[in-house]
Structures are given as C-alpha cells and as structure tokens.
Amino acid sequence: MGNFKGHALPGSFFLLFGLWWSVKYPMRYLCRKNKHVCYLASNSGILISQEINLTLPFCCVTGMTAEQFVPDGPHLKLYNHEAKQWDHLMNWQHSTMYLFYGISGIVDIIVHITPAVPLAMDRLMLAIAIFIEGFLFYYHVHGREMLDIHVHILLLVAVFGASIGSFLEIFFRGNILLELFRASLCILQGSWFWQIGFVLYPPSGNSEWDQKSHNNMMFITMCYCWHYAFSLLIVAINFAIVSCHCAQHDPSID
Amino acid sequence: MGNFKGHALPGSFFLLFGLWWSVKYPMRYLCRKNKHVCYLASNSGILISQEINLTLPFCCVTGMTAEQFVPDGPHLKLYNHEAKQWDHLMNWQHSTMYLFYGISGIVDIIVHITPAVPLAMDRLMLAIAIFIEGFLFYYHVHGREMLDIHVHILLLVAVFGASIGSFLEIFFRGNILLELFRASLCILQGSWFWQIGFVLYPPSGNSEWDQKSHNNMMFITMCYCWHYAFSLLIVAINFAIVSCHCAQHDPSID
Amino acid sequence: MGNFKGHALPGSFFLLFGLWWSVKYPMRYLCRKNKHVCYLASNSGILISQEINLTLPFCCVTGMTAEQFVPDGPHLKLYNHEAKQWDHLMNWQHSTMYLFYGISGIVDIIVHITPAVPLAMDRLMLAIAIFIEGFLFYYHVHGREMLDIHVHILLLVAVFGASIGSFLEIFFRGNILLELFRASLCILQGSWFWQIGFVLYPPSGNSEWDQKSHNNMMFITMCYCWHYAFSLLIVAINFAIVSCHCAQHDPSID
Amino acid sequence: MGNFKGHALPGSFFLLFGLWWSVKYPMRYLCRKNKHVCYLASNSGILISQEINLTLPFCCVTGMTAEQFVPDGPHLKLYNHEAKQWDHLMNWQHSTMYLFYGISGIVDIIVHITPAVPLAMDRLMLAIAIFIEGFLFYYHVHGREMLDIHVHILLLVAVFGASIGSFLEIFFRGNILLELFRASLCILQGSWFWQIGFVLYPPSGNSEWDQKSHNNMMFITMCYCWHYAFSLLIVAINFAIVSCHCAQHDPSID
C-alpha cells in the first residue's frame, strides 16, 4: 500500500523476526558450547521447541489480507474489465511477496513435523522467498521519482545479502555467523521500511522531502549505513544479554 | 521459431524433464534414507536404471530438426549469397541451444557407460548447456519491443539460477535440495515458455497484448512469480506422493 | 576531505595494515609448518600476541576526528538549518566508513578477549566494513567528472575483492592464500589512495590532469594494474624475508 | 597490436596451453585412478616432471618484446613529451597483460622449487592474471565500433569463467572437472583470438565485415558458442586418446 501504514506493517514484521532470531540463535549457540546441561537449556527449551510455530504464516496472512481488503485495495479483483487494464497491481505485488514468505513459513513447519523432508529445505525456501521479494522490488520502482527509487534499491542490498546468506546456510547449517548475519539484515530491512515510510509518506503533516535533491540521496545512502550499524548494535546487545544470562545460570561456576 | 509452436515445443521438453526430475530425485532420496530394502527399491530400480536413456538427445534432435526444416526454416543454409547476409539467424540460434543440451545428454550417457570419465562431468556439461542457453537469450532479444524483451529477460533468472545450481552439484553431488531446486526451475522454464507463446503469439485469434504498456510489464513480472509458486507446488506434491508410496511399501510398518 | 591529505591519511592506514598483514600471516604460516619449536616462535610470539591491539580502533578514531574537526569540517553538525540542507555530507560519509572499520576493530578485540563470541566474527565484521566502504564509494562519486569517477570506481575492484576474500575466510579460516590475497589488496588500496591524491589534487602546484581525456583514463586503468603488481611484489618480498629468517633460526639446520 | 598478427600470437599461446592442459590433466587423473603402477606412469612421468618448465614465462617475454619492439611499437617509451600525451597505450596494456601471466608463470616455478610457498599459490596467481586480462579488456574497448566491442566483450565470458574456475581450484585442488573446464575455456580463448583477427583485420585483402550490422552481431554471438562446442570436442578427444593409451598399457588387462 502506498502509504505510511503499508510500510510500517512489513517493517514491524521484519523487526519482530530479526529480534527473535538475534535472541534465539545466540541462545542455541551458547547452550551447545557449554556442553553441560545448564538451567538455561531448560528455559530455552521452551523457546526452541516453539520453532514449530505459526508466527510467520500468521504474519503473512495478516499482510495479504491487509493488502487485499483495505478500503482502496483490489478485493481479489485482478482485471478491470471496464478500463481494460490490470487493477491495483501494487497491492497484488505486495500480496505475492507475502505469499512466498507464507510458503516459506509453511515449509518451516512441515520440515519440523515430518522426517521425510530434508531439514535444510526451510533455508532454501527462505532464500527463495527473500530473493522473490528483491526480484519484485527491483521491477517495482520502474518509472518513479529518483529518491523513491533510491530508497527501494538500497533495500535490495539487504535483501540479496540475506538471500545469499540463507542459501549458504543450506551447506553450513547451524553456523552462528550466518544466522546472526541474517538476523542483522532482517532488522535492517525492518527499520528501513519504517524509514521509507517516514521519507516518502511523512506522517503528521510534515513537509515532504525533495525527491530530486542529490543532497538528500547522499544523506539517505549514509543513513542506510547508520541503520545497519544500529542493527549490528542490537544484535551485539542481545548476544551479550543471552551470554550473561547463560553464565549466571552456569552450574560449573556455582 | 517466432510463433506459438516454437515456444510450446521447448516448453514441453522442459516440463517433461522438470516433472521427471521432481519424481526421480525424491524417489532416490527416500530409498536411501530408508536403508532397508523396500519394495519401492525394486520398482524404482527400473526407473533409476533408465538413467542411461536417450530422452534428452532425442528431444534435442527433434528440436533441431524442427528448427531447421520447418517450411520457413533455413534448411541448413547459413548464408544468403544473394542478399549478402546471414540467413534465419533466429532458427540457427535455437538450433545451437538444442545442440548444447544434446551434448549434455550424450555426456550423461557416456558418464554412465564408461568408468574412465568422472561422474560429475554430467552436471558440469548441464551447467554449461544451461548457461549457453541464457547467454544466447541475453543477446537474442536485442532491438525488440519492451514486453518481448522483458518476458525473455525474466526467463534468464530461472536459467542462470539453474546453471549455478547445476554447477554447485559438481561439489555437492546427490544433494536433494539442489536437485529439487533444479527441477523446480526447469518446470518454471517450461511453463514460462508456454506463457511467452500465449503472450507474444496468442493462438486462436485473441487480441494481442500491448507491447509498450507499463501495466502489462508489472503484471508479467508478478505472473512469473506465480508460475514459480505453481512449480514449487508441483514439486511438493510429487515429493509427497513418492513419500506416501514409499511409506506404504515400507516392510518395517507391516 | 576533498584534498591531498584527505586521501593520504586513509592511504597510509591501508598501507600500514597491508604491510603488517603481509608479515604477520607468513610468520604464523611458516611457524606452524615447521612443527618443531624454533627461535622464531618465541620472537613472533610477541608479535602474534599483539593481535589484541588497539591499532585499528586508534586509526579509525584519528580518521573520524580529522574528518569532523578539520577547519572546513562539519564539527558534528549534520543539518544546516539556515540553508535548509544537509551539511558536509562528504565528511560525514568518510566518518561513516571509519566508523565501520572501528566497529570491526572493536569486534576483533572482543573476539580475542571473550570465548563466548565465535572466533570468525572478526572476519565477518571485516568483510562487512570493507563492503560498506565500497557501497558508500559507489554512490559517492555520483555527478563528478569522468576521471574522478573512474579512479574511485577502480578502487571498488580491490574493495569488493577484499570483502569477498574476508567473507570466504569465515569458512576457510587460517588459509594463508586468502590472507595474503587480502594483504595484497589492502596494500593496493593504500597505494591507490595516494595515487588518487596525486591525480586529483596534485600537490606542489603541478599542472592538473585533464579530467575528460580518454587517454588519461586508459593510462590510469593500466596504472592500477601496475600498482597491484607492485603490491604483489611487496608481499612476495616480505614472505621471502620471513621465510629466510625462519630458516636461519631453524634448530634442525644447526 | 591492432593487426592480425597481434591477435594470432596470443591466440596461439592460449591454444598451446589449452591443448597441453587437456592432455596433462586427464593423464594425471587416469594414472591416479588406476592405482597400480602402469607403463603410462613412467611415460607420463617425463611429462609431469616438466611441470617446472619455462614455457609460460618464455611465451610472456616473447609477447612483451613483440608488443614493445614491433616497428610501430612504443620501444619502452610511455609518455610523448612533444604531443603531451601518453604514447601507444594499446601496446602498453597488452604488455601489462603479458606481465601478469609472466608473474603467474614465475610463481608456478617457485611453488615447485621451494616447499615454503603454499602449493595453491600457483592457482591464485593464475586466477589473478586471468582476471587482470579481463579487467584490462573491459576498459580496453571504450569508444570503438559496435562489432569490435562485441567480439572483445564475448571474450570476457571465457576470461572471467576461467578466472573463477582457477580461484575455485585453490579449494578443490586436483579436481579434474575444474581443470578440464579451465583447459576448454583456454582453447576457446585461443581460437577466439584468431577469430577476432579474421573479423577485424581480414588477411589477404578480404572485404571487411560491416561493423554496425545487427545481423553480424547475432552471428558472432552464435559463432562464439560453436567455438566452445569445438573446444569441448577437442578436450573430449584428447581425454579419449589418453584414456585408450592408458588402457592399452594397463598390465591388469594383459
């Protein structure tokens, strides 16, 4: 949806998953490292067993519903027979992005239910879903204004980075570095969606940004890097918190 | 051939191979996983031993013959001495694509006949054949209309994806994920060739698509993603069928 | 800073690190190879234990301070409220580059202090820092003159090469070839920063280069290759010196 | 040198090395596979021990000398002080390409002489030398005619393919597939240099090709693929000959 909420919604989803991953993976990594059974393991057991969860599919259904049934949405109508042209293609493209993340979420559940499906399938589907998002974004911005294009293209760096990272996880499953890398890029995507919302659709009647200013483009590029520095900081803090928590409950220290 | 049949023919070949792969690889994977000899193994033995088959070379010879000897084809004539220019280059380029797939098919047979040739050679040749297809397509569309170029360029995503996947199989041979990835991209190619046929050469006298409409381009991009979702669904269904079939005949359950 | 010193400073930093790496890694490699404890090991022990050093963060703080507080710098002011535009964006972009190298340096220290953090994290952060440098450079040169753009774009070959090399080191840690490859690209970056300074801001009042000459562009491209040949030569010489030194102190020869 | 001989000379060098590799690597591969000591081993021992050879450096010195001291060459003069511009940059760029292959050849020798240098260094230097060739070619063709640019750009596919292949050999040393892949791309480069010579500087006074014809470009692209098919055929034949020769001398068959 071409408004502030339409960017805040997926931004929140990405932030949610990024933050969740930045806690989950350090927890599993540190539990494995401290081989002895620690209190943490029993605590985190609850969390890790929630891997078979419905959060991702639920988010995707929410997103798709929102895209389709907002007042000015397509309401599942694809072709406008009167105007003889496709209808609300933007919303349909966003729905398609949610669809692939939804497939990825469903595969994630199936993989943990049945042993017939190879485990790494969840990472392959995630890599595909992220790639499709980037692929659609790439052709999405055709013919818009310079700054509008630029903020979306910058997003592609995080998207394709995360896609390649996920693909590598097929071969290096459980590599904490790739997992944290993915988490940090996911948080970056989330915060950047919010940033796009603020730049293109400033809420509360702020003055709009000049879409053609070269100066603004230069600032936005740098701003993107700051978002990533911020994202890395969050991942580092979460890692440190989990690490301290793990050391506190470590029976070998008692 | 610049007509509907010229796209339906290779599309059918790709669909054939994609479907075949999406059955063959899960069968082999599940047989290996259930280590005990199951009924399936004897059934599938027939299928797997057919690996030394002539389907691929046969398809390629058919394709090449069709490209060369259709009424308005080149009939092996490359240079038109009267007009002082190259003749029917489109058909020759298509023939070249078939040629490389043919080489790949022949190498596939040789690899299984003689132990002297390293086994992974078939995947290397497949990667090369797919790359050559993409390489020729890339320069193929020079100077055509916008939508025409776009539908062919979209195909390249599947082509280069499949080429990279096949190349990785040299090092990760028998990785079920890479094999299913290849199968899904192959089905995507097949169904997309049919789609190209319908878009550029609508059969049964339908009205043509507007080649310059930005709206059409946006729809086609999204449509490509839907084709892939459809292709993933087919692979998943085939995997599930093979998996059920395997469980039914599993003597450990009896 | 758009002047000679602004390029000489980072150039010197890169040269410093490149030279240090081209000595450190061969030393460690040859010590490990000669399994017996040699005199060298005790000597180099001092060097290697300095791995927990503050050089990189120190360089980055120096760089950031210089960028911010030179007479015509931004002095931490980002937005000019009078002119209603962003202020000194060039300096801010350079500061951002230093920031990420600083983060990389801090992570490098943390990794060696605490065993909780996975060791390869230092290489991931280095790869990210180098990538961010290239990313900012890529959008940095928008709208400048041809030769100016070209000398900066050439730099990107070294930058992205080093970033990919560092990323590979996550999986192939301690591979001497990747380490020397990184060292050689680092020296190349350093010497090329000096070259950029000489080309764009010729000191001591030399006549400026013609920014639009195609001839100059061709020469600069070739010059870049010579810089790399020179960089490879330095790495080779350092390797040879360390190797001789190692053989001299080898007790098995005594 | 911008004439027929200037393309035939490097073309012959590449053909020489490609053919040599397409014989050497199958020989080593088949010897290792037939673990028992066969007659072939003693024969091929002569060949393999020639690995420490001077062919590559010799070719490079020949090439550099030819580029510098042909009648219309630069004779080591780089700057024309009268015309105030760089002199004979084409020849200098070609010399630089030869220089890097020369470095690669010297490293190849050093690696086999001294055990201090890691073995895989020869492949890293080869990858770098091939990359530099492609890098220089990429900026080499700026501002020429369409067909001229196209025939050089096509070459880059083989060049960067060979560079990536060599780089992978660092990690997968002795992988026969990567070695044959490199050999085939080397033969392709060699034969394509000859083709470029025939297209751009037709010897014996043939009529020149129309540099702006779209038709010619389409043909040349396809022709490039045929060269590769031809190159693959040569590698296959050499593999078959070596294989037969190996079987003949196999004492286990006697």
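So that you can tell them apart, the chains are marked A, B, C and D in the order they are listed, and the count of residues begins at 1 in each.
The working rule: contacts are C-beta pairs under 8 Å (C-beta built on N, C-alpha and C of every residue); 3 or more make two chains touch, one makes a residue touch a chain.
Model, not experiment: these values are computed from the prediction.
Following the contact convention of this document, no chain is adjacent to both chain C and chain D. Chain B maps onto chain D through a rotation of 90 degrees [Cα fit, steps of 5, range 0 to 180]. Two copies of one sequence, chain A and chain C, touch each other mainly through non-matching residues, since under half of the numbers at the interface are common to both. Note: the chain lying farthest from chain A is D, by mean C-alpha position.
As a whole-number value, the distance joining the C-alpha centres of chain A and chain C reads 32 Å.
Here the spacing of chain A and chain D, counted between their Cα centres, is 45 Å.
Contact with two or more other chains is made by no residue of chain C. Applying the touch criterion to all chain pairs gives A-B, A-C, B-D, C-D. Chain contact summary for the complex, chain C toward chain A: residues 85-86, 89, 92-93, 96, 99-100, 103, 114, 116-118, 120-121, 124, 128, 132, 135-136, 139-140, 142-143, 170-171. On chain C, the positions that touch chain D within their shared complex are 29-30, 33, 157, 172, 175-177, 181, 213-219, 221-222, 225-226, 228-229, 232, 239, 243, 246-247.
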